[in-house]
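First chain written, first letter: the chains are A, B, C and D, and each begins at residue 1.
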Amino acid sequence: MVVPLIYYIALSSALFAIGVIGVLIRRNAIIIFMCIEMMLNAVNLSLVGFADHYQAIDGQMFVFFVMTVAAAEVAVGLALIVAIFRNKATVNVDELNLMKW
Amino acid sequence: MNLPILSILIFFPMLGVVLITMLSRENQWVIKWTTLVVAVLEFIFSLPIWFRFNSDTAAMQFVERLNWFPSYGISYHIGIDGISLLLVLLTTFLTPICVMACWKDIQDKVKEFMICLLFLETGMIGVFCALDLFLFYIFWEVMLIPMYLLIGVWGAPARRIYAAVKFFLFTMFGSLLMLVAILVLYFYHHKVTGVYTFDLLKIYGLQIPFQMQFWMFLAFALAFAIKVPMFPFHTWLPDAHTEAPTVGSVMLAAVLLKMGTYGFIRFNMPLFPEAAWYFVPLFSVLAIIGIIYGALVCMMQLDLKRLIAFSSVSHLGFVMLGLFTYNMAGVQGGIIQMINHGLSTGALFLIVGIIYERRHTRLIAEFGGLSTPMPIYAAIFMVVALSSIGLPGLNGFVGEFLILLGAFKVNKIYAILAASGVIFAACYMLWMFQRVMFGVVTNEKNRNLPDLSMREIAYLAPLILFIVWIGVYPNTFLDKTKASTANFVAQMERAKAPKVALVDVIKGDIR
Amino acid sequence: MIEYVWLVPLVPILGFLFNGLLGKRVPKWLVSLVGCSVIGIPFLIVILIFREYLQLPADAKPVEVVVYNWISSGNFNALAAFLVDPLSLIMMLVVSGVSFIIHIYSVGYMHDDEGYPRYFSYLNLFVFAMLVLVSANNFLLMFVGWEGVGLCSYLLIGFWYEKQSASDAGKKAFVVNRIGDFGFLLGIFLIFWTFNTINFREVFSIAGTNFEVGSLVITAITLLLFVGATGKSAQLPLYVWLPDAMEGPTPVSALIHAATMVTAGVYMVARCSALYVLAPVSLTVVAIVGAATAILSASIGLAQNDIKRVLAYSTVSQLGYMFLACGVGAFVAGIFHLMTHAFFKALLFLGSGSVIHAMSGEQDMRHMGDLKKHLPITYWTFIMATLAIAGIFPFAGFFSKDEILYKSLVDGHILYWLIAAAAAFMTAFYMFRLIFMTFHGESRVDHEVLHHVHESPPVMTLPLIALAVLSTIGGFVGIPIIEGANVFHDFLAPAIAHVHRPEIHYPISFEVSMMVVSVIIALLGINTAYRMYIKRPELPQIVTEKIPLLYDLIYHKYYVDELYAATVVNPIKVGSDFLWKGVDEQVVDGAVNGSAGVIEWLSYHIRKLETGYVQNYALAILIGVFIIAGYYLGR
Amino acid sequence: MTISIPSITLSNIGPLLTLTVAGLLLLLMDALTPKGKKGYFPYLSLIALVIAAVQTTMLWNRSGTDFARMIYVDNFAFFFYLIFLLATGLTILISIKYLEDYHRNLEEYYTLLIFATIGMMLMAAGGHLILIFLGLEILSIAIYILAGLFREDVKSNEAALKYLILGAFSSAFLLFGMAMLYGATGSLFLDDLAQAIKAGVGTNPLLLFGMGLLIVGFGFKVSSVPFHMWTPDVYEGAPTSVTAFMSVGTKAAAFAALVRIFFLVFPEIKMEWNMLLWGLAVATMTLGNVVAIAQTNIKRMLAYSSIAHAGYLLVALVAANQLGAISFLYYLVAYTLMNLGAFAIVILVARKKDDYINIYDYCGLGFQYPALAAAMSVFMFALAGIPPTAGFVGKFYVFSAAVEAGYIWLAIIGVMNSLISVFYYLRITVLMYMRPAEADLGPVTMTPAISSAVLVTAAGVLAIGVFPGPLYELALNSVKIFVGL
């Protein structure tokens, strides 16, 4: 059975949206990172879907790079969160508003 | 001998700036003398353009042209005609006077002050010489900076910063729109001729559709009207004049304001002749409002410099009225009135500066009866005040008369209304004079004011000389402008305003 | 010599420069010498020119002397050039002559003043301007003199600048004159754009050939010029400055505000007679204004107590006569009266100056009386001048005044005559009132002052005597009735145009009887004054109490100053204040600062969007995404 | 089955290689060199940058692609290389003293700068969306770390985290956009995308949304409204030298990619995006300038100013003509010089660490340190666009481009915005020259490195302001690749 392209797009969009909402509403920095991961993976899904649709390899190749980058970002992110936790004993993004206006 | 004389004039003060930069800040005396020498030399260097100027042609003279940025059509193109000749000379003439005038006034940050002054001179001469729109714009903007610093750093303590910033922003407001208009013009020129150029003389030949002229004229006019300043764009002027140090006020009044009127006659009118005709009523009425309004507001002023500032609004109204007549008398009157205003108002500011230096106040009420302790001062003040109110035999009259004569031909109502400004001028000037100079000395501080020193007489005397000279024998100066003005008038006569309703122009459906 | 006519105005200006620049550094006698001789020399030159002119052949007259091209722009050319013709010669003679006499008088009068050199330099400058005014060959150069004399008048009225009233008066004079000059200037514009020239003779000849009588443009020109004349010559409605001008030193009043400057308007109208005759409407206006001024100011003169103010109102009134003469087309009569008036009014002022000098500065006639014996020369010369102004035969005023009265009747209207006659009556009355109050009756002088009362030194009395002679015999140059005896008339004729109207010849008896009538009127006036101030000194008091309202009105000069203050001066002041504080600071500058304010306000509020919460920022990004998506979906 | 290995010319990526080697070398040296003896690191980095720059100039005028069309080898890329190298070099010069003041063993700083530079270069040269994305991420991750460099500083932490969260968030959008473009055309090569669009995918919604999301992603990097919110906070919190680097480097790199994509791939469907960008440009300029007025922290003020400058650059993008492309390049050079110069002064005036970064700390500077203040004035006037500085010429080009393309209103809004900007730039000069110093803030210590940075930037700002010709020719040469304009 061939899954129509639109399904991929719909699913990935839905995942992406969930990720976006997560970023917007969760207060814990780590969960926010996880939501961002979700957004990236949503994109990965659509890339794979398109690659399948076009019978081309580029899309799938892209996925690997995205995963790598995501990992790197999270690595930096976690390090930062650790540093912040040391300084402020919180990872709640609400409490990070020293700078404004 | 083919010295690039205008370039020398433009950049010689910069050389002075470099020189002064290298001098020690401690040694004020050396700095002042150096500046004075540079300024005087500059004046001497500028004399050849007077003597070697050919009055029979309207063409640009002493033209220099270098490719500056050829692929963009920008060239270093400078030259003068009869109109700019006088203004360049006015600038070089006034700068040494200003240096002398600030000799004692400026004790603080002398080095920077002198640098600003010379820098300003470069900018001003550049504006009057530039024949390339880009170059013109550069000079036009560049001279804002030294003037801004002069007002802001050495101005009167209370509101100098407000005045400086207002001056800068207000003037820049207009010139930025002009920049857009210049660009539009530039691309239009390319569209029509296939040539990219900012060269004014080339763009003169362009036939621009009226619709476009209309907007372009407005954009240019805004820049110049602010600088002039025409009502209702004048409010920066009283602040800037009042707060600026004496020399700043002098330069501002004498030269900077002329850049606005000069802009009209050099750019606005020849570039957009049809629109220029179309706008005659608007601008004449604004000029007349400026004349009367300025004079009336003058009457109630409590501050000497503010009063003179408003009188500038009034006087420049005359100039504008004259330029918008597009006939010989009016335009020549306008040009000569530019010079007159430079001399008279410049002198007035110097004169006020002299008592400001002694008393550190500009309030009219603080003075009174100064004629008794300062008779020479009184005499000079009187001559200058009379020149300012246009007494025949002094310079102001020649300009005002020719302007009104020209205006009368265009529209009698304009001339009648504008001439009433002459009455008001007498009112405010003489009333001010009375309050400052006449009566008995009531304020003890004024009792023993020293009269003018030799230095003060030395720098006022040349001004008085020219005030009388132009009044008695204006043809010396009128002759120089004759060919250029005739050319300008002929140029304007070739165009006529199309008969279209304003609404249609704005809507854009005139074709 | 004629070609050196430019020396006539030039020499005084040398005096101005000398006294102005060096006066403080040189001894007083040198100041006096220079000050007087720079007036004396032009007087001599004028006399020489006059003689030479008389000998010129008719076709060489008049002479124009071009010095240089003053202003030229396009086809506009204003030359610095002088016109020598009968009218200008008469004027130059009168001006330089009277000026010379008054300069000499001033040497005595101003001797102790601190500003002695300044005084002479101003006075010299005045003579320069006045001579330019009367000798110019074009309207613009005339205007130079016109404004120049206004300036000097300003300077000299405000000579004692420490006195607030003096500087006020000077300013008022200048500003009111400027209003008149405004009209003059517009007139010049109209002349230039009508005739393409401003040269007198060219204008007049073009006007004569190309324009009909009653032409609108000529009417406009002449009316505008007349506005100038009303300002300078203190006619209604611009006469208000002249009485105040008495704040100046008395010789100045004599020279500027009696003999010369104020007559410039009359001179100008006569000079432009060729235009005025083409504009009957303007002539009527001139006549009406003249007549009205004559009667109005004469009536004010009735109730003034300041000796100089009486003379000032009398001057205004006499100037009204001159304009009345011009208005009925009798330009020569106007000029004739101008000349005789210059003599006797200068004398009156100088005489009053002598009185004031003697009285240590007192000017109020109520504090005088019985000065005859103290000041004999002054008294007798004063009497002669008064008889002249009253129009008693054979004093100079008789001839000129009678001519005006006569002309106003035959060429004008019976009403003019009635008004003029009434004014003549009043003139005689108040002048003798002045004489009686000052020189006769009981002495009301302070004892303190009385000690110092003395006759003036010769340097002051000699000018009085010279002028007295002129006031007495000056009229004989214009003897009426007898053919050929009116030398003055014949001499001036070439320079003056005539009104085009049918010649009506009246019998000589009529003319003679009118003369008699005019003398009778004057005598009546004198008699009334005599009765009121000598015979029954209590009478004036009774009269004033009987007509308090009228008296009050006259005493307060019809409240004209107050009226002007309320209707013109104050509204302008209030309006200007409103323009400044209301319009300029609030509206115009308010718009400027307001737009800056709006941006600043925005700045302080938009920055609040930057909350510092990272999720809000993310939301902004999402909103941006929605906007973009919305943009694509919504198109 | 045959595998065709594409032929590659390594010298085409010579500058990148040099930097990579240098970066790795620095990492290695960091581990090997004992503490306290690492002072030569910045100079080593500088040498690497200079070598890269030389290599770039030697590559000049090469054209085409390499590495299987992954990399563009063209003057456009080279021009940007030079901008990046210049920016990095200047950043290094102004960093040395600043970092020493913090007494921190921060040698990885230089490595990270160099890696960030590599990322930027990849963005400018990338011929494939993956490569652009990778470049972007290399740059971003390096900057996340740099922003959080001062681990003990809460502000620095906060800035880094904000930047990271939002950066990743927007990267996701960018990526989604790329995916959509892929979906619409079936290729990730820019060339192929351009071909496909020319062939008429036209207004395929996937394409449009993809393009829109690219705008979001790059808009974030260039800090265009409404994706700009991070800018002030991050600029304020990050170490000043990093802020300086970010403000010019990231922006230039993102614009390089944006310009390359929009001018190469999307010119055919200009109608689909120009009005959108018109709106963004206006909003960006206006917001940046207006809000900057209210700022008293100079770093924050410069942040808003950088938002505004992004707005001006977007104007050039909207114009979408050759002049627009040229103005991009010119403007970015000018901006690099003037902004880095300004930040150099900010670092100097801040004395030790970031002690004095309030604008009122500039009071009286004009007569205490005339040369410093003069330089700052030059930068401020340049940023405000007043002749004869590079800033003016840059704006002049940008607005010329807009006028030429017929966007006169955009130009008018642009110039009015520069008017607003004059107000706050001018305020710095007001404070420096017209207000007396409020307190003695201690002496400003000038080191040769930072002085030379100030000198180079100030001289550069004036030089290319007065003689804009040569740079114009160079830029013209670089934008010839955009045949669609």
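One rule holds in what follows: a residue touches a chain if its C-beta (ideal position, glycine included) is under 8 Å from a C-beta of that chain, and two chains touch if they have at least 3 such contacts.
Keep in mind it's a predicted model, so treat the numbers as computed, not measured.
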Farthest chain relative to chain D (centres taken as mean CA coordinates): C
Pair joined by more contacting C-beta pairs (B-D or A-D): A-D
Where chain A and chain B are represented by their mean Cα positions, the distance between them in whole Å: 64
Intercentroid distance (Cα basis), chain D paired with chain B, Å: 43
Centroid distance [mean C-alpha coordinates] between chain D and chain A, Å: 26
Separation of mean Cα positions, chain D and chain C [Å, integer]: 79
Of all residues in chain C, the ones touching two or more other chains: 596, 607, 610, 612, 614, 618
Multi-chain contact sites of chain A, meaning residues that touch two or more partners: 20, 23, 93, 96-101
Multi-chain contact sites of chain B, meaning residues that touch two or more partners: 169
Chains that touch, pairwise: A-C, A-D, B-C, B-D, C-D
Of all residues in chain C, those that touch chain B in their complex: 20, 24, 68-76, 118, 140, 143-144, 146-148, 151, 154-155, 158, 161-164, 167-168, 170-171, 174-175, 178-179, 181-182, 185-186, 188-190, 192-193, 572-573, 575-577, 579-581, 583-584, 588-589, 591-592, 596
Complex interface listing, chain D residues touching chain A: 129-130, 133-134, 137, 140-141, 144-145, 148, 151-152, 154-155, 157-162, 164-165, 168-169, 171-172, 175-176, 178-180, 182-183, 186-188, 232-233, 236-237, 294, 300
Contacting residues of chain B [partner chain D, same complex]: 68-72, 109, 112, 137-138, 141-142, 144-145, 148-149, 152-153, 160-161, 164-165, 168-169, 172-173, 176-177, 179-180, 183-184, 186-187
Contacting residues of chain B [partner chain C, same complex]: 166, 169-170, 231-232, 234-236, 293, 296-301, 327-329, 332-333, 369, 371-372, 375, 379, 382, 386, 391-393, 397-398, 401-402, 404-405, 408-409, 412, 415-416, 419-420, 422-423, 426-427, 430-431, 434, 437-440, 472-475, 478, 482, 486, 489
Residue numbers on chain A that touch chain D, as the complex places them: 5, 9, 12, 16, 19-20, 23, 29, 32-33, 36, 39-40, 42-43, 46-47, 49-51, 53-54, 56, 58-59, 61-62, 65-66, 69, 72-73, 76-77, 80-81, 83-84, 86-88, 93, 96-101
